[in-house]
Amino acid sequence: MLSLIIFSPLAFALALAFGPWGGHKSARRAALVLSLAQAAFTAWVLWGGDFSAAGFQLQERLAWLPALGAGYHVGLDGISRWLVALNALLLPIAVLSSWNAVERYPRAHYALMFALQSMVYGVFLSLDMLQFYIFWEASLLPMYFLIGVWGGERRLYATVKFVLYTLAGSLLMLLALVWMAFLARTQTGHLSFDFLDWSSLAIPAGQQMWLFAAFFLAFAIKVPLFPFHTWLPDAHVEAPTAGSILLAGVLLKLGTYALMRFNLGLFPEAAHAFQKPVLIICLIGAVYGALMVLVQRDFKKMVAYSSVSHMGLCVLGLFSFTLAGEQGALLTMLNHGISTGALFLIVGMFYERTHTRDLSVYGGAVLKMPVLGLLFLPVALSSMGVPGTNGFVNEFLCLRGAFEAFPWAGAVAALTVILGAAYMLRLTQKVMYGPLGGAKMEALTDITTRERASLGVLVALIFALGIFPEGILSNTQPSVQAVLARLTPGASTPAAPAPAAGGEARP
Amino acid sequence: MNPLLVVLFLPLATAVFNRLFGARLGKGAAAGLACASVLVAFAFAADSVLGLAALPAASRQVLVHVYDLLDLASFRVGFDLLLDPLSGMMILVVTGIGFLIHLYAVGYMHEEDAGEYARFFAYVNFFVFSMLTLVLAANFLVIFTGWELVGVSSYLLIGFYRGKTSAADAGKKAFIVNRVGDFGFLMAIFLIWNAFGSLDFSAVLPHAAALSPGMATAVGLLLFMGAAGKSAQGPLHVWLPDAMEGPTPVSALIHAATMVTAGVFLVARCHAIFELSPLALGVVAWTGALTAFLAATVAMVQVDIKRVWAYSTVSQLGYMVLGVGVGAYTAGLFHLLTHAFFKALLFLAAGSVMHALHGELDMRRMGGLWRKMPLTCATMIVGAACLAGVPLTSGFFSKDEILLMALRGPHADFGLWLLGYLGAACTAFYSGRLIFSVFFGKPRDHHAYEHAHESPWVMGLPLVLLAVGSLAVGLLGLPGFLTHWQPFTDWLAPVFADLKAVPEASASRALVLGLMALYTGTVAVLGWIAWRLYTGEAAAHPADGEATSALHRLLWNKYFFDEAYGFVFVRALLGYSRWLWRWVDQGLVDGTVNGVAAAAQAAGDFLRGRVHNGRTRQYAAYLAAGACLLLGLALIYHR
Amino acid sequence: MFGVGFFLALAFALFAVGAFGVLTRRDPLVMFMCIEMMFNSGNLALVALSRYLGLASGHALVFFVVAVAAAEVAVGLGIIIAIFRTEKDVNVDHLSELKG
Amino acid sequence: MGLREVLLAVFAFGALAFALAVVSTRNTVYAALEFVAHLLCLAALYCLLDAPLLGVLQVMVYAGAIMVLFLFAVMMLDIQETGRESAFQGPGQVAGALLLAALLFALLVFGADRFPAAALAPAAAPGAPGVGADNVVRVARALFERGALVFEAVGVLLLTAVVAVMVMAKRRLEN
């Protein structure tokens, strides 16, 4: 069933690319129908899994290269379930966002989006490491073309930078994969790339350091964490709206998901050793990212840097090795996908009307677009992390996790609460409020029903997840606890700073 | 369906309904719906409070669990509501005064078109919901949720006139300064979670003694940081005066009666933690006293009547914080109650004057309006009297109690009393100044004077009700020696039962009477000075800007707080970020990335130049070297 | 004294001298001669080993080497003369148009 | 030290001497002549090493045909004493070349030592090169029986060489 989820978008992509769809109107309608069908199917399959336990559900296995120990092995558990759901959700929205924006080669545009979708499904669901690597690299290609063909002026520079950057990181990971496979052979007698086999390996601490570092570099570039983030603003600025939505909504999550699944899952001792440096990188990333947003002139660059800040917070939660932190990180992946997806959707709507991303042109948009004003507010509040919206829950949990691990880390990370409010309000003020800023603003027309539908769905989710976070947390908890159990079996987690009277019972 | 849920969620429901469909319903229906929902909420609130009163004093608490918010393995927190005497009082104030202000707003916002009208009432209803969430919270997470939602609704309402940049800026400023306070509050919440493993008041406050003194001080100070952000105390007061950009009913409801008192409510609610660390209480008391005095001085020179009342609010909040800071929680809360009434009255009256003079706020262009607006004048005089502390008014009783406690209370200090007394003196002066320059003396702007007219009944009625309320509420907390009938103290006793002793002022009757005489004298003298200055021929207002003395310039520029913050935070931060962006992000990080690419290309070119340069003999040399290498390797590796 | 080692050493010496000649001389003709010299050193080694091992195939191989050398000289000189026709100068260092 | 050894020594050192001479003389014609002498010495060595056929072949084909071609080329190019400036190109390059040549020689000798010829000796000596007429028969058998295919290949190679030279020559005539 899972293989169907992975490969059906690919089939749709081919159908779209070579199917009988003439003009760009019929192509986009077909793309929308197919994407909705895909989303429905995925939802139906995900609904099937029972997630009270921590293990992998709906597994499918196929011997592909037994000599190499590489097979086709897919599985789903609490962690990857909601990420797959997010992926399924964002595609129809991305298709809707390219409704009028894309005139050139529409069929190829939608086909590439479906291909990207299929690759991302592959990454989230694959349990065989070689297969994971293949999907990981393959996910770059559709994005390369999406940015390269339908992008802005400096799209070639941006897209080559994006692909090479990620590639450079993941080559190191390939080395680590091979090393692990041989390690598996020395310990279990046969070469194996299977994640479940690797989980049972006893990896010597020394080697763990190197393996952890290699994996971490590849995923840190993808997340992106502080020193490796400069590709993101360029990629976003030059990407078409649909590209930005998928890039921010899903591709960034590949990095954080992989960090949680592989770095924390396979290398406990190394994770503990690297905990402090990683926390420091995340702190820098979070605060630095927020500062960068304050000074940007370009609308999309602002949102891109805010993603760097949010993702820094997410990995901060990941590396706090506390239940609250991990759950917070997982929730950040979801909520960031929704709120930043919505932000890019809004940027797209503005770009369609004013054809510029330079903020100096904007001002007083709410007077001409009251409905957008109504929908823009929850998205801004979610990005700021105001209670009642989804942004607050994951920020609260991540900060809680960081605070539980190292109070100083929590304190510094909490600065992003203030900076977040500062940059989001500056953005809202610059774009929405104040007097009408010139001719371009006069020509603004309010958002159409199509745009209202896609934005409305995301805003509804923002409120739903904000008010009922337990809906998601309850069924990701067993899997997250399993990862945590591996991480801190013997080692005691950092003692709580104060002599706890009530006592914090460790999971 | 517990009545509390109705009290809480009805305003939310009407807010959402108004925001989405209000415009289509038309102004009457939208306003009617909004006012009705708050009135019904008030009714249900009164009913639940009466139910609460029926319970025996010891167990006067009602806990309502709505649903589970977070359920991590060892830690559960739910959306729980707690009704106890403290929150009972607060919900009555919020819904009661809220309703009157809604009624007033119906008249005040009349000129707006249907869309804006519905949007206004939606936001005000949303504010009532947020404030009730804050007040009824049973754990730190829900109170924080209410805290932020109140911040959001204040942002929306201050920036209500979206077209005006100054309004939007004021909204942004308010929210960001609140967020600075929330940062401290969030840190406190995490420390409490670390220490107690739970966030429920029932689990944390009774066991507060478990906190080490150092930790108690830290939590106390951080909680107060949150409170200062919300109640505009100390360094975080800058946003309140600018919040006057919002419509006047907003100023009355949010920036006078309810939201700004949230800080005092928080300190009262967590008094168990504050009691553990005298240092934290000291900081609270001194911040309160200083703010009270400084704000009062600034209020003396302002010319915009709403700004005068704004600074007066900051000053009165200083008194409440002072009261709470010296351990006199009941006195502080009593002043909160009385202040809610008369400050709301003053703002609404100012709104009525502004409404009559078509938006004119500068008192130097008013005068002699009492003939044109007798009702507004009368009610404003009542309010000003309470504010100034004229004897037998509610303000007199509540402020005296605080000043008495500052002198003789459990954590008393003469300096605190002195600051409080000087503040009270300034308060008497500026309230007199405002009343006399607006209503008495010669009208300075004849054109405006001609057009002035009394406000419609829908605005007049709330004024009258609030005036009566202001005077009546004073009776709830008469000084001890007058009567043993202390309804307010008795009502709050169960909440502060854990305090060692209800802080009875250990003062003799003579001292109390002496102090009262002192205050009455001060009020009378300053009132007379104000009369002489502002009703005589030459109105003694220096024109804007040309400050006569350095002190005047200092006060006129509000101690240069805004300029200092503007420089330190805004410009320095942005400058640093811009530098960071250009040098670190573009230069260092992106530089290395592009540098690596350029280096690779340069290396390629260099090699091409060296190797493929057409010189045959060099090729031969490379060939020979290659041959040697291979031979050597063959020899080495072939044993 | 004159065993196969001696002749092999001689062949290697000739090979080294030939290599040195190719590396240092700038006149293409002399370079060709040195290349021929290297060919011959190969032949000498072959003949010496053939005699030592008692094999005739060594000689056959020398045959082929000579044939190849002849073909190589023919084509090489042809090229040099063609270059000379156009450049009027055959100094190897000046002929460097064929560069990357 | 019989006559054979004396001759061997003479021709061996003669070949080496002439080789060094070819490399060092400035004048190309002298180099060509020295190279011919070198070849003759080698031919003599072949004869002394029981390879009379090769000796004769060397003289006829190599010294005769190829060197004549060289001399033709020298005449055609009428090189004006290109060797006037020093035959070598500055000390640096010469040193480098010397180093490389010495290195080659050392490695080869060292290599030969590593693989003693004895190791290559086949179990049985199928056909010793023999002496005199017997040598020709054996070489012919080696050439045409076992090496027939290679022989044809070399034939093709020579053909292509001839064609190549023809093509170059033709173009030269046109311009």
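To keep things simple, chains are lettered A, B, C and D as they appear, and every chain counts its residues starting from 1.
We take it that a contact is a pair of C-beta atoms (placed from the backbone, for glycine too) under 8 Å apart; a residue touches a chain by one contact, two chains touch by 3 or more.
As the structure is a prediction and not an experimental result, all values here were calculated from the model.
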Selected pair, greater C-beta contact count between A-B and B-D: A-B
Centre-of-Cα separation between subunit D and subunit B, whole angstrom: 104
Subunit A and subunit C: spacing of chain centres that average the CA atoms, whole Å: 67
Intercentroid distance (Cα basis), subunit D paired with subunit A, Å: 72
Averaged-CA centre spacing for the pair subunit B and subunit A, given as whole angstrom: 37
Shared interface positions of subunit D, touching two or more other chains: 89, 93, 96-97, 100-101, 104, 108
Per-residue overlap in subunit C, given as positions that touch at least 2 other chains: 19, 23-24, 26, 93
Junction residues of subunit A, two or more chains touched: none
Touch-based graph of the chains, sorted into line, ring, star, complete or other: other
Listing of all chain pairs that touch each other, if any do: A-B, B-C, B-D, C-D
Subunit B - residues contacting subunit C, complex: 608, 611-617, 620-621, 624
Interfacial residue positions of subunit B with respect to subunit A in the complex: 19, 67-75, 115, 141, 144-145, 148-149, 151-152, 155-156, 159, 162-165, 168-169, 172, 175-176, 179-180, 182-183, 186-187, 190-191, 193-198, 203, 207, 210-212, 215, 573-574, 576-578, 580-581, 584-585, 589-590, 593, 597
Complex contacts: residues of subunit A adjacent to subunit B: 161, 164-165, 227, 229-231, 288, 291-292, 294-296, 323-324, 327, 364, 366-367, 370, 373-374, 377, 381, 386-388, 392-393, 396-397, 399-400, 403-404, 407, 410-411, 414-415, 417-418, 421-422, 425-426, 429, 432-435, 468-470, 473-474, 477, 481, 496-507
Residue numbers on subunit D that touch subunit B, as the complex places them: 89, 93, 96-97, 100-101, 103-104, 107-108, 110-111, 114
Partner subunit C, residues of subunit D touching it in the complex: 5, 8-9, 12, 15-16, 19-20, 22-23, 28, 31-32, 35, 38-39, 42, 45-46, 49-51, 53-54, 57-58, 61-62, 65-66, 69-70, 72-74, 76-77, 79, 82-83, 87-89, 93-94, 96-98, 100-102, 104-105, 108-109, 112, 117, 120-122, 125-130, 135, 138-139, 141-143, 146-147, 150-151, 154, 157-158, 160-162, 164-165, 168-169, 171-172, 175
